[in-house]
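One chain, subunit A, links the two complexes that follow: it is found with subunit B in the first and with subunit C in the second.
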Partner chain A sequence: MSSVRLPMRRAAIAWLFLAPALLIIAAFNLYPLAYAFVLSFQHYSISGTSWVGLENYRRVLADPIVHRAFANTLEYTAVVVTGGIAISLSLALLLHGRSSAWQTTFKALYYLPAQIGAVVSAVIWVYIFAPVDGLLNHILAALHLPQPLWLANSHTALPAIIATALIGGHGAAVILYLAALSGIPQSYYESARLDGVGAWTQFWRITFPLLRPTTVYVLIIGVIGSFQVFGSVYLMTQGGPQFSTDTVVYDIYDAFFKRGQVGSACAEAFLLGLIIVAVSLLQYRTLATDVEY
Partner chain B sequence: MSSTERRARHAGATVALVAWAALSVFPLYWMLLTAFSPQADTVAFPPHFFPRRLTLDNFAWLFSHAAIGRWFVNSLAVAASVTAGSLLINAMAGYAFAKMRFPHRELVFWMLLSLLMVPEIVMLIPLYVVVNDLWLSDTFFVLIVPFLASVWGIFLIKQFLQTLPDALLEAARIDGASEWLIFRKIVLPLAKPVLGALGTFTFVGQWNSLLWWLLFTSSAEMRNVQVGLASLRFQYATLYGPLMAGALLAAIPMIVVFFAFQRSLVRGLTIGALKG
Partner chain C sequence: MEQHRRCRVSPSAVNRWTVRRSAFLRCACLAAGSLLLPCGCAQRAASGPLRVWSFNHFEGYEGMLKAQLAEFERRRPGFTTAYEIISWAEEDDKLTVAMASGRPPDVLWGALDPRWLATGLQVPIDDQLTAFDRRDFYDTALEAMRFSGRLWGFPLYQTLYCMAGNAHMFEDASVSWRAIQSEGWPWDRFLSDCRALKAPGVYPFVFFVRPTPEMWSWFALNNGVVDANSSGLRADGSFGWNRTGVAEALQFLIDTFRRHGISPPQEPGFSDENQTDLFFTGRAAVSARQGPYVLTEQKRIARAQAGGARLPHPGYRAFPLALLPFPHHPATAQRAHAGGGGYMVFRQKNVANPRRVEAAVRLAHFLSNTDGMQFAAHLSLLPSRRSGVRRFGGQLDLESPNMRFFQRYLQQSAPRIHPPLDVASSREARVLEVAVTPNWEAALAADKTVPQAMSDMTAGAASVLNGT
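Right, the complex of A and B next:
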């Protein structure tokens, strides 16, 4: 009887297999998403909720602290993502062609700092950056160099947080680039060499274009993640000093959790979401091309 | 290129690789060293890069000043339940998307995928409001149930299952096996590589989770290791010995998972990226 299942029955079974996942996603992703949209047009408080139209968006867009948070987030994302791609691609190129024991060891060493988590890593960096007792300033003192306050100085705090992101966490991208590099046929380089093409030109004309799908992937994932940076900011600076490290997600957390501004927090979150969607689609449309070899 | 030049380049590349590895792993070494050093050594100038006196005082201090055991139990319980539950639920959905035919399949799948672009914080605020209204704050329910399905997990499993030949499943269907039986006896065993990879990522992500626990737990007993460690960082800002001991304890499970499941992690990364 069941050897040829009817399409209707087949579809019903499929929906049964999907049901648990779809119910959870509906309850904890779709519903909150819709509710956040509603809240962003409301003034929410325990005593009563009222519609305020675009007031929350107007307030968020006019708030200089929000401007600062978006500017900080853009700076963080631009440096961490492009710097990260440059570093991970360089490391992958240097590792490519080495023995598999070498590759495994170094992939592990580059991966570990991200594996231990943002909180652990931030707690260690707080200690290294500590103005008086920190290792960094101890080294600078031994070299008779000036010792900045790092996380307590509004000029050095954001660069310090960016540096910690750049130093740790390229393992995943290195692994992806190495996998992609091993897929490029050697014959391409052989014919290029026969034509007398130098290593630099080979990289820009052969390697880089063929790595494009990997670069696009690393770029999009990196941008989505970096736009939402929170853990390192929360632990290292709490957005300070003087909002110099206030990022968008930290600012939303602060607006919502500490100042109780539900509507504004939702409006700011939606603006962040819009930017992430726009940037992701833009990157995908301008950079993604099917590369086959 | 002459052979000396090639050798020089090779040596230069080695230096660069080793230098970057040293830089990125150094903070971990510094944490390890400090965790076992007496407080006086942690602030000594000039700094000691190698152990002089080793002590367990920092761990003793930590266990007498913080509910670190309880935080570990919380982290472990939630990470393990989420990993087990979400593997099953995501595998069921991934199987349906990969191997079953039903109306609007592509549309539903792409709608789910587009959710990957929505920042987590957008959904957190309304959830916080609802969770508080329902008195669910500070409960395991709100820490576990929302993560029992994940778009990323469904995507990863679908990508993997699509590569399995249909003939295998059709043969079982013709023999009269139910879809549930096929799923349990054929699909799940064959999906082991992707389940291992996804399980590892899920466990690591759950263990390192901060924002969610920060919002949805309030009592000290309901903290996870990350929120607990963060609370210590603000409460005892300059007690670097105990802080590094706490950081080390929080990091150990991740380091163990990393070395035990390294191959799964690498496989998960490449399934997600290359076939996506």
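Right, the complex of A and C next:
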């Protein structure tokens, strides 16, 4: 069928309805994006701007603190995404096959942390990790165990932040996995059982491959989100101690607001964007598959 | 329906171009609109009411400011004002955005910040002081608003950083806080007093490590390092912390918890809130750092305990306070770090409106007149004007031991060190962030020895200052 073209009047009405959304997107997404791209090639100050070409990119790529931020972000992403998938899949498998009431209750419980704002959640964690009156150290003291300075020690600060991400925030993935699990025909498992296949093999040969589209989705969304981790770092450690929790987005914020390096902050943001797009495309191309059952 | 659509729309290339051109024009309009939007805001910012930004300093501050602004409007018909109370948490971000966009408030309460000076939008007020002002303002108050020989705001108060002690604990341990106030606190006496202050469940001395290494700077200052500021920079912009006095100060602080056991072993993790919590819940005898404003906080806690207000934190309790000096090396003189703040005036970028700037200067001047000194009195700080001291001296109880100590300690202030503006406005923060803070944290956490931390800090500072 040939493409349908709307008459001018109908097109005008369509544009009219689209205009508010387009205006908002143009003003708050496209314009800042384009302006930030321009700024990434400029030295910006209130008294004036000057073109510096690729200098901001060169400076960002040579900065050892930015290297540290990228390394921390990669570590955070690798652990949080893979750990998150393992945890949410395990929880979904535990719930799958239970009664509807059980599933609803636990889905709500797992989803609850997502409804608590990141700020509230981070503040609660700060109290849990507090050096003297913190809940965690109270428990460790009662058990006569050493009480680390969770957020003040360069060896424990990043693991502590990773732990906060791993403990909460799997609700959405659990719900997705549960939906995908209920879509796998039971006949596959019945045939496998008749052939004497064990539960472990059933999981690796039937369940996991058929969950691949969901896993790819959770993986890509998880990687994009984890690369942009900011709230917990900002509220819990401010990138310290000794840059051990400095992440790329926190470093961008720091460059812009604390150091006033507007051009470098924009350059770092575009480099991060480029990496996220590249990693997401790579994941999609290597892992995506059409599954029919 | 499909047929109807087909017959109404021509598939010709000309019509396609018409539709595309139309879409292009609409997009162009949207883009132009989004570009013009900030211009409209700019016009409003330049012609609307005079904008005052301040912070929620104490209960009743907003009412006080409101009354002052109403009085200004009454005296200066034709000018209206609008104020905004911003939170301490958003201070930096909000001001950065306002300054970067060239739309700062007309009048801002705050301490002098070289970053804002570097924008070129801050208005010097040297010529705006009347003969009365010149006689009335204290030199130390004016000094706090001075940079590169020029005055950048009307001072409102004089303050300093000090330590605070729980007077009850001192008396129980037979340690005379009055003697410390009058004679100073050499390191050796400080350590012996702290040993005497040890009690079950009580740490003699708590200080904060995060978010800034300022404690290090106060101890270095009291170990003879008087020619570098709290970021370690000298007036010529060079790094001035690569020396023994700074290393000794760091070692002294580390020894308080690692060797002498007078501070909690968790010190390397302590934030400002952590140490204040320990102090006001009665689990620490001496808290660093505080300022004279802690006396107002103590009154607030006492009112809350009496049922008149909400406790700032569960478990806080009121007790008699003693303001105390920072300990100093026995061979060097005791030094205080004085400061101050007030109202500063800004113009809008690319907007020539001298009448508005003049009105903003008048407003800032008005807010810091003798009546405005009630701000200082509320916060237990010294007014910046002699007339303010006369007016509010009774409320401040200037003859009390704490206020007498405050006035004496203020006289022992070290000269303020300002690196050149290009260093102070950009590289100073980077030196602090890249060189000083990480090595301070590393030394306290025992990730580095003091010599290693000093060496790495010096190398890091050189790298930032030399642009390598």
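Throughout what follows, the second predicted complex is superposed on the first by the 277 of 293 C-alpha atoms of A that agree within 3 Å, B and C clash if a C-alpha of one lies under 4 Å from a C-alpha of the other, contacts with A are read in each partner's own complex, and residues count from 1 in each chain.
Everything below uses one rule, namely that a contact is a pair of C-beta atoms (placed from the backbone, for glycine too) under 8 Å apart; a residue touches a chain by one contact, two chains touch by 3 or more.
All values derive from a computational prediction rather than experimental measurement.
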By residue count, which of the two partners contacts subunit A more extensively, subunit B or subunit C? B
Output check: A:T49 vs subunit B and subunit C. Expected answer is one of first, second, both, neither. What do you get? neither
Would you sort A:L22 into first (subunit B), second (subunit C), both or neither based on which partner it touches? both
If you stack the two complexes on chain A, which partner ends up touching A:A108: first (subunit B), second (subunit C), both, or neither? first
Under the stated touch criterion, which partner chain does A:G273 make contact with: subunit B (first), subunit C (second), both, or neither? first
In the superposed arrangement, which partner chain does A:R259 touch: subunit B (first), subunit C (second), both, or neither? second
Looking at A:A11 after the superposition, I want to know if it touches subunit B, subunit C, both of them or none. Which is it: first, second, both, neither? both
Touched partner set for A:P131, first subunit B, second subunit C, both or neither: second
Have a look at where A:L151 lands relative to subunit B and subunit C in the superposition and call it first, second, both or neither. second
Looking at the overlay, does A:F243 come into contact with subunit B only (first), subunit C only (second), both, or neither? second
Identify the residues of subunit A that lie in both the subunit B contact region and the subunit C contact region. 2, 5, 7, 11, 15, 22, 27, 31, 44, 130, 132-133, 256-257, 262
Residues on subunit B engaged by subunit A in the complex (per definition of touch): 13, 16-17, 20-21, 23-25, 27-28, 30-31, 34, 42-43, 45-47, 89-90, 92-93, 95-97, 100-103, 105, 108, 112, 115-130, 145-146, 148-149, 151, 154, 173-174, 176, 178-179, 183, 204, 207-208, 210-211, 214-215, 226, 229-230, 233, 237-238, 240, 243-244, 246-247, 250-251, 254-255, 257-259, 262, 265-266, 269-270, 273-274, 276
For a test of understanding, state which residues of subunit A touch subunit C in their complex under the given definition. 2, 4-8, 11, 15, 19, 22-23, 26-27, 31, 44-47, 65, 130-133, 147, 149-154, 238, 240-243, 254, 256-260, 262
Quick check: in the complex, which residue numbers of subunit A touch subunit B? 1-3, 5, 7, 10-11, 13-15, 17-18, 20-22, 24-25, 27-33, 35-36, 39, 44, 87, 90-91, 94-95, 104, 106-113, 115-121, 123-128, 130, 132-133, 135, 138-139, 141-142, 167-168, 170, 172, 175-176, 179-180, 213-214, 217, 224, 227-228, 230-231, 234-235, 249, 252-253, 256-257, 262, 265-266, 269-270, 272-273, 276-277, 280
Spell out the part of subunit C that touches subunit A in their complex, as residue ranges. 2, 5-6, 8-11, 15-16, 18-19, 22-23, 26-27, 30-31, 33-35, 37, 92-93, 96, 99-100, 102, 115, 118-121, 209-211, 264, 266, 268-270, 274, 277-278, 349, 425-426, 429-430, 433-434, 437-438, 441-442, 445, 447
